[in-house]
Every structure is written in structure tokens, then in C-alpha cells.
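Both complexes below contain chain A, partnered by chain B and then by chain C.
Our next item is the complex of A and B:
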């Protein structure tokens, strides 16, 4: 079935459309969303197995020959990313039942979520650079709705900045696509890659590559462009924050991966070097932020920035170990960030504050939460056999193979800071004298904790099952390493 | 023609940057509008102005305009229209709620909530 790779985009999209018809019926909203998401998860799981069995799947809409129509491509990397996004969104849907509140549910919260997922899956799947811009806009529009839904003062204030930053970056994206089109005369990513290697990567193409890194870096929050992220992400309620933290920045990271490996791999001395320096600076800046705050949300948000740096550092190594590590770490980070945000949501629900100084001693009353947090924290820092370990190991190995000794050491040192920042939450929130807390009903606590535990268990399985997942990740990295495989798969028809 | 278009696009971008950096939210929104206009004109220019006939490929037509940039602009215009509309509504709502449209006063962090 060649159209299979469209299903993860279409199912959330259709679900969102159906949800628009009965916004006030909460039970129906929830049922339809869960049904749609389950279908999407099944479709993307089948897609992963098909991609593993038969190689890269490509479909050009309208049956045009490949470089002329809009191509959708599903290689192992995008298939796995789509599956992970769907799994995370399903977990967050369950999490939202008890946390987002009825008024938001009645105002098309689930619909916006599904539209955003359609955009995310589309951006992961598309093989056409302008189509990628369109899917970016789809997910951004939905994210504008999600970030402002509820209309609190703080949300309005921060979402204006969020929208402004993203409009500017979209305009820059259109500009870059226009320049790319004038130089290569095509918009199909495989075709661009083939043409660029044919005519050689001249100066103007390197300029375009850097502009693309800037555009996607603005979405993915790399070093000089991440300043909008912490305050904007902290504004919406926790389930939205979890969704954004797990999915949105990763779309930017994925796009950068494609840019430097598929479209413009021919001038690593400039583009990859630049990316590597920016990645290391991103890690350093994120570490400073993660240690500077006593606010639960801010600490984990700055950990997003660190992870983006680590992944891009792996990508910039241009060898198999670095790329494979980057893919491993990307999936790990999506899962663990969703888990961590869901867990801080539970803590905030119990204590009624996100300020670390005002909490303590939760270990006695909520041991389940405490141990889950500890496991997730160890997973984030990369303590073997948990999920963060193997990706980081490969990234550092790639760095040493490529003679980037200092970069590798900084990445290793950043793990310690990451561990410190999340263990600080553990110490302040769970140890010490119990402080009077707002408390929450057992039903809400269970409803929030169970999805969070499931996601954390997924990350543990991801870490323990590394050996079993390795062929898939190796496959994904190989295609990133050898763009010709991608090009052949798309242009053969 | 290309030179003229480049000057116009450059001017639009310049005006957009000036407006986006100003304090009033309404000016910022107009700035984003100008920015997207500049980007759209850039697509048109980058597609090239050669070709006069419409791109209907029948025998004997060799000198036709490139249809792709026009399709791209159409998509981009629709998107920027939607985004601008949303942005205006948001600006109005936040003016009602926060009682200011001054970007300097919209600064602030957790302590100011």
C-alpha cells in the first residue's frame, strides 16, 4: 500500500475536522480523539515495519513524475519520528483529561492538538521544501491556538512574542525557498540534493544553507535564537507545554538534520563547523539556564535547549557514529521530555506552585511520583541502561572519531549539569521537611500519574531495548550519511 | 526589471524591520505584513521574468512564464493572510486584557504576573 505514509498525516487531520462539529460535548470529544489517535498510532507502527521491510517509501501526489509533483517520503528516520510523535500525543491526550480543564476542552483544545499533530507528522514526512513550509505553518497555526487558549494575561502576553518570532522566521523561510528555487530550479528535496551535487556547492548555495539553518534554528531553539523559548513555553498549561517541548523544537532539529545531510552536505568545513560551534554554545547556554532557575518549568525547558545542542552536535560530526547517536538521542529526547513535563505537571497539581523553594517532603506522601521522577531524571542524564546513555555514547564517540575532542568533552560534562539540574528538583521537592501543600484528589493524581508513568516506562524500554532497536537506527543514520539512497528512492519512479 | 524589483523588495524589508522594532503593537503587525509582501515579491522575482505566454503547453509554445512561483505566492499569501488576521485578533484581545499595546510594557517575567 503506497499511500500508507499519508495516513499519519490524514488521520489526525480528519479527526480534527470531525471534532470541530461538536465542541461542547466533552465525552464525545475525548472518545473521538482517543479513537483517532489510536488509529494514527497503529498506522504509523505499520508504516515503520513496512519501511523497515521494503526500504524508503515515496509517493508523489497526483501521480506526477517525481520532481514535479509534491513528494511525500518516509525513510526510517521520519517513520520513527512520526511513530514517536503519535505515541506521545496519545499519552498527552490521556493526561489532558484530568489536567486541562473543561473550559479549554469545550473550546476546541483537542482539535487544535490534532491539527498540530497533522502538521508535525507532515513536516516529518514531506519530501518537498515548500510543502515543508506549508506543514510548518499548519503546526504553527495550531500551536498559536494552543498557546493562547484560555486567554490568561500571561498567555496573551507571551503568545504575542511567540507569534511575532514565528512570523518573522516564516518570512525568512519563504525568502530562503525563493532563493533556493532561483538557484536550483526545483523544490523537491531529493532533486535539490542531486542538483547541488551536480553543480557543486558554490558560495550562494552555502549562504542558502546557512539561512536554512537560521530559519530552522529559530524554531528549534539553537544558541543565539533560543531567547523566545523559555518564557513562551512556560505560559500555556502543562499538557500543552509537554506537547510543545516534546514535538515542536524537534521538528526544527529534524529540518536542520535534513538540511545539512541531504541538501547541503558538500561544504562541511563551513556549514558543519558552524553548526557544531552553535551546538556547543547552545549546550553551554542551556546548562547555565538549567542551573539558574528555581522554577520547575524553567529548569526542564532549559533542558530542551541542552538536548537540541547535543543532537545537533552529533549531526555536525558527519560520521556514522555521530549521526546514529543523533537519531538515537532525538527519539530519546522526545520521549523523556514528554515524560518529564508530565511529571512536573503532577508536582504542580499537588503543590499548587512551580517554585522549588515552596515545596518539600513529597517523598513520604507520594512515593510513586518520587521514584518515577528519579528514573526519568536518570534517563535524561543518560545513566546506563536508561535511554539517554546510548545516544550520547555514540555522539561522543563520533566526536572523538572526527577529532572534535573539546566538543565531546563539553557534551560529556553537560550530562553532569543535566543530572544536577533534575536531581535538584528531586532534592527540593521530594526530600526535606514536608511543607503544607494544596493537595489533589486521588482520582486526579492517578489520572495524571498513569500516563506519565507509561511514557517513563517507554523510555526505560527504549533504553533497555537498544540492541533490538539498533538496526532501525543504523538504517536511519545510513540514509542520512549517504543521501544518494534517499535520492534514488524518490527519483526512481 | 530585476534591479527595480530588488530595490522594492529591499525597501519593503527595510520598512518591515523598522516597523517591527517599534513599540506600538499595531505597527509591529503592519511590519509583519510588509515583511511577507517583500518575501512574496522576492519569490516572483526569483522565478525570473522571462516568458510572456501563459504556461499552457501546446505545440509551438516555447516562450512561457514559469507557473511555479505564482503557485507558491498564492499559497504564501493565503497563509500570511490567515496569520495576520489571527495576530490582529490576538492584539485586540491582549489590548482588552492587558490594557496596553506598548511592547515595552509587555515585557516581564514570572514576578510580574
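Our next item is the complex of A and C:
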């Protein structure tokens, strides 16, 4: 099948279109969404196995020859990212049934979600830098709908900020792509990479590389460009927050990974050094934020910032260990963030507040929730054999191999702060004297907890199954490490 | 807001059809020359907006009882469907097909599947523009 790698983009897209026709029929909306997402998960799982068996898949749209048409490329990294995004979205769809509320469901909530997923999958799959901009716009448009849907006062205020930041960064993105095109004369990422290594990475190209890092850094929340993220993400309801936290920043991170490994790998003394410094600062800033708040949402949101720093630190090492660790940690972080946000959604549904000071003693009444939270928290901090461990181990190993001792030590120390920040939630919410809570019906509790437990179980399996996943991740990192493999796969046809 | 300017209303009844026909002309011209679904759609939407200005929202929605969200959906499915037809033939996505036909009246005409895609774009643009205008204008 020539077009297999497009299915994970097309299926959510088609689902979103079908959903436009009957916005008021909630049961039909839910059924179609679940059916579409199941198909998308199956398609992306098939895609991963095909990519593993046959190597990188590439198709150039409209039967144009490779550097001229828009090329879509599925290498192990993007295939795994697409599969993870689809799995997470499926879980969040189930989670939404009991939490998002009928009025939002009647106003094309699922449709916006599917459009966003199509954009996310497209951005992961595309091999053309301008097309990546288009998919960024698709996912941003849909995310504007999701962040404002419901129209609460806080949502309206934050969505203005969110839209403004993203419009500025999109404008900068287009400008940068235009500059890149004027220098290299091509938009195909593989072709850009080949041309850049031919003509050498001159000063102007390094400037473009830094501009791209800034553009994607604004979307992916690196220091100091994450300023908009904590308050904007806290505004929409929890399922949307989980979707944003798990997927959106990771698209930015993925784009930075591609930029520095595929397009501009020739001047690591400048670009990678800069990226590393920014990554370490991101981790430090995230740690301060995660400890500073007594608000469940803010604590986990600042943990997104920390994770972005850790992943980019791994990417900046330019050795196999660092890159493989970054890939491992990226997938881990998507899964665990979805799980954590879904769990704090359950806590908020029970207590009716997101303020840690106003809760306590949930352990006695909701033991299942408590233990799931503890496992997820340990997974986030990276206690072996849970999922965060191996990625961070490789990243730190990469740092030591590349003689970045201090960076590695800061990453290690940040794990402790991450652990402290989430255990603080455990102590305040689950231990201590039970406080009077709003409570929730058993049906809602189960409907929220089950998807959250499933995602947490996935992260546990991801951690325990590291040995089996290793070849896949090694493969993904090898292609990041040797861009020639990517270039050959795209331009050979 | 009820508008009762006779001159505008009478002129609009004629001008609407001129703009609409010109939009269709631009739409078909788009294959080889400047134009296409996007511009055609915008022109059509501007004709509809002129109707809204001359009359009022209630009159126009009685005359043209469309749900514009559904029009967006139809347009998207048409566009995606045209592009996806290539999947059935196992050629890269978006590959389009064309051939020459001898049609009565037109003579030798080249028909492209890309035109259907453009029709989808046209419908999406009309639907989206009208949705925006109506949701801004319908508050009074």
C-alpha cells in the first residue's frame, strides 16, 4: 500500500468531517469518534510494524518526483509518535464521556479534537517544512476551538493570550521558512539536509536554525518562551488540558529534534550548545514552578516544562545514547502526562477544587485512585522499572559521554524535585485528615478512573517492556543520528 | 435591523446574479488561469453578504435555508474524497486524473478530477465565510 502512512492523518480528518453533520446527537457523536479512533489506532499500529519491517516509508503527494512535491515520511520516530498520539486520544475520548459535559459535546467538541489529532499526526509525518507549517496551523486552529469552547470568563481571557502568542510564532515560522527557501531553494526536509551538507552550514543557515529553534520553542515551551503556557493550559477543562499537555508541546519538541538533527547538524558548537543551555534553564525554571504552586494543575503543567527540557537536553548531546534517551523519554512523557492529567481530573471531580490545601485523606475513601497516582508519580520521576527510568538513564549517559557533567547532574537532580512535586500532591491529597468533599457519583468516578488507569498501565508496560522496545527506539535514534538514511529513503525514488 | 432602501434592494436583485455568475466563471477559469475554488467561494460569499446588507438575516435565511456548517462538511468530504480516490488505485495520494471528451455544445473539453477537489474548496470557503458573518451579525 503506497498510502498506508497517510491513514493515521486521514482517518481522524474524515471522522471530524462526518461529525460536522449531526452536532446535536451526542450518542452518534461518541460512537463515530470511538469507531474512527479505533481505526486510527489500528492503522498506526500496522504502520509501525511496516516501518520496522521495511524501513522508512515515503510517499510524495500527487505523483510528483521527490524534491518537488510534498513528501510525507514515516520513519520509526514519527510512526511511534503517531501511534502514541492516537492511543492517548482514544483514552481521552473515553475520559471525556463523563467529564466534558453535554453542552460542549453538542458544540463540535469531538470534531475539534479529531481535527487537532489530524494536525498533530500530520506534523509528525510530514517531510516538508512548509507542509509542517500547514499542519501546525491545522492543529492550532482546532486547539483555539478547544481552548475557548464553553466560553467561561477565564477561558476567554486565556484564549486571547494563547491565540496572540501562536499567531506571532506562526508569522515568525513562515518568515523563517521563506528565508530557508531563499537560501537553499527547496522545502523538502531531506533535500534541505542534502543541500546544507553540500554547501556547508554558513552563518545565515545557523541564524535560520536558531530562528527555527525559537519558533518551535515557543510552541514547545522552552525557557524563556514558556511564559504563556501555565496559565493558558489551566483554563480549559481537564480532558482538553490532558490532550494539550500530552500532544501539543511534543509536536514542538519533535520539530526541534528534526531541525537540529536532520536540517542543521553541522554546527553543533553553536546550535546544540545553545539548545543545551536553554534545555538546562528550562529544567531549572520548570522545577521552580513545580515546587512553587499549591494547585494540582499548575504542578503537573510545570512538569511538562521540565520534561521538555530533559528531552531537548538529550537531543543536544548529539550522540547515540542521548538521542535514544530523548526518543525513549519523549514517548514516556506523552503517556505519563496524559495519565497524570487524567488522574488530577479525577481528584478535582471528587474534591471540587484544584487547591491542594483544601483536600486531604482521600486514601481511605478512594484507595484505587491513590495507588494509581502513586504508580504514575513514581513513573514520572523515573523509579525503575517504571517508564521514566530508562530514557533518563540514557540521556544522562549521553551527557557524561559528551563531557557535559554539570548538565547531566542537573538533570539527575531535577528527578528528585519532580518526585517531590508529585509526592507532595500525594501527601496533601491522600494522606492526613479526611476533609469534607463534594464527592461524585460512582458512575462518574469509574468512567474517569478507568481510562486513567489504562493509560497508567500502558506507561508501566512501557517501562517493563523496555527490552522489547529497545530495537525500535535504537532504530529511531540511529536515523536521527545519521541523516543520510533519511535522505536516501526520501530521495531514492 | 430592517433595511428598506428601495434602490439598494432593487440593484441587489440584479447585481447578486452578476456576481454569482462571475464567481462561477472564475471558479472554472481557475484550472489554467488565475482563479479557482477559493476566489470563487469568496466572491459567492460576498454576493450573499450583499443580500444580507440589502435585506436582513431572516429574509435571506428564508430564501436560502442552508446550514452553512453542513456545507463546510460536504465541501471537506468532497475534497478529501477526490484526493482519496487515489488510494483505491494505489497511486500516491492526491494524484489526479484527466482526459479529453467531446461534449455537445462545448466541443473537445478536458475534464479533470482536480475540479471536484476545487468544488470542495469552494463549498468550504462559502460555508466558513457565511458562518463567520452570520455568527457576528446575528446578535442583534
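General observations
In this section, the second predicted complex is superposed on the first by the 493 of 493 C-alpha atoms of A that agree within 3 Å, B and C clash if a C-alpha of one lies under 4 Å from a C-alpha of the other, contacts with A are read in each partner's own complex, and residues count from 1 in each chain.
Going forward, a residue touches a chain if its C-beta (ideal position, glycine included) is under 8 Å from a C-beta of that chain, and two chains touch if they have at least 3 such contacts.
Here the structure is a predicted model, which means the values were calculated and not measured.
Looking at the shared chain after the overlay, A:61 reaches chain C, while chain B stays out of its contact range. Of the two partner chains placed by the overlay, neither chain B nor chain C lies in contact with A:292.
After overlaying the two complexes on the shared chain, residue contacts for A:144 are found with chain B alone; chain C is out of touch. In the superposition on chain A, A:2 makes contact with chain C only, not with chain B. In the superposition on chain A, no contact is made by A:427 with either chain B or chain C. Shared-chain residue A:199: touches no atom of chain B or chain C. Shared-chain residue A:464: touches no atom of chain B or chain C.
Taken together, the two complexes place no residue of chain A in contact with both chain B and chain C.
Across the complex, chain B meets chain A through its residues 20, 25, 28, 32, 35-36, 38-40, 42-43, 45-48, 68-69, 72, 75-76, 79-80, 82-83, 86-87, 90-91, 93-94, 97-98, 106, 108-110, 113. Those residues of chain A lying in contact with chain C across their complex are 1-3, 6, 10, 13-14, 17-18, 20-21, 23, 59-63, 69, 72. Of all residues in chain A, those touching chain B in their complex are 130, 133-134, 137, 141, 144, 148, 151, 153-154, 156-157, 159-161, 163-164, 167-168, 170-172, 174-175, 177-179, 181-182, 187, 231, 234, 295.
Residues 69-70, 72-73, 76-77, 80, 84, 86-87, 90-96 of chain C touch chain A in their complex.
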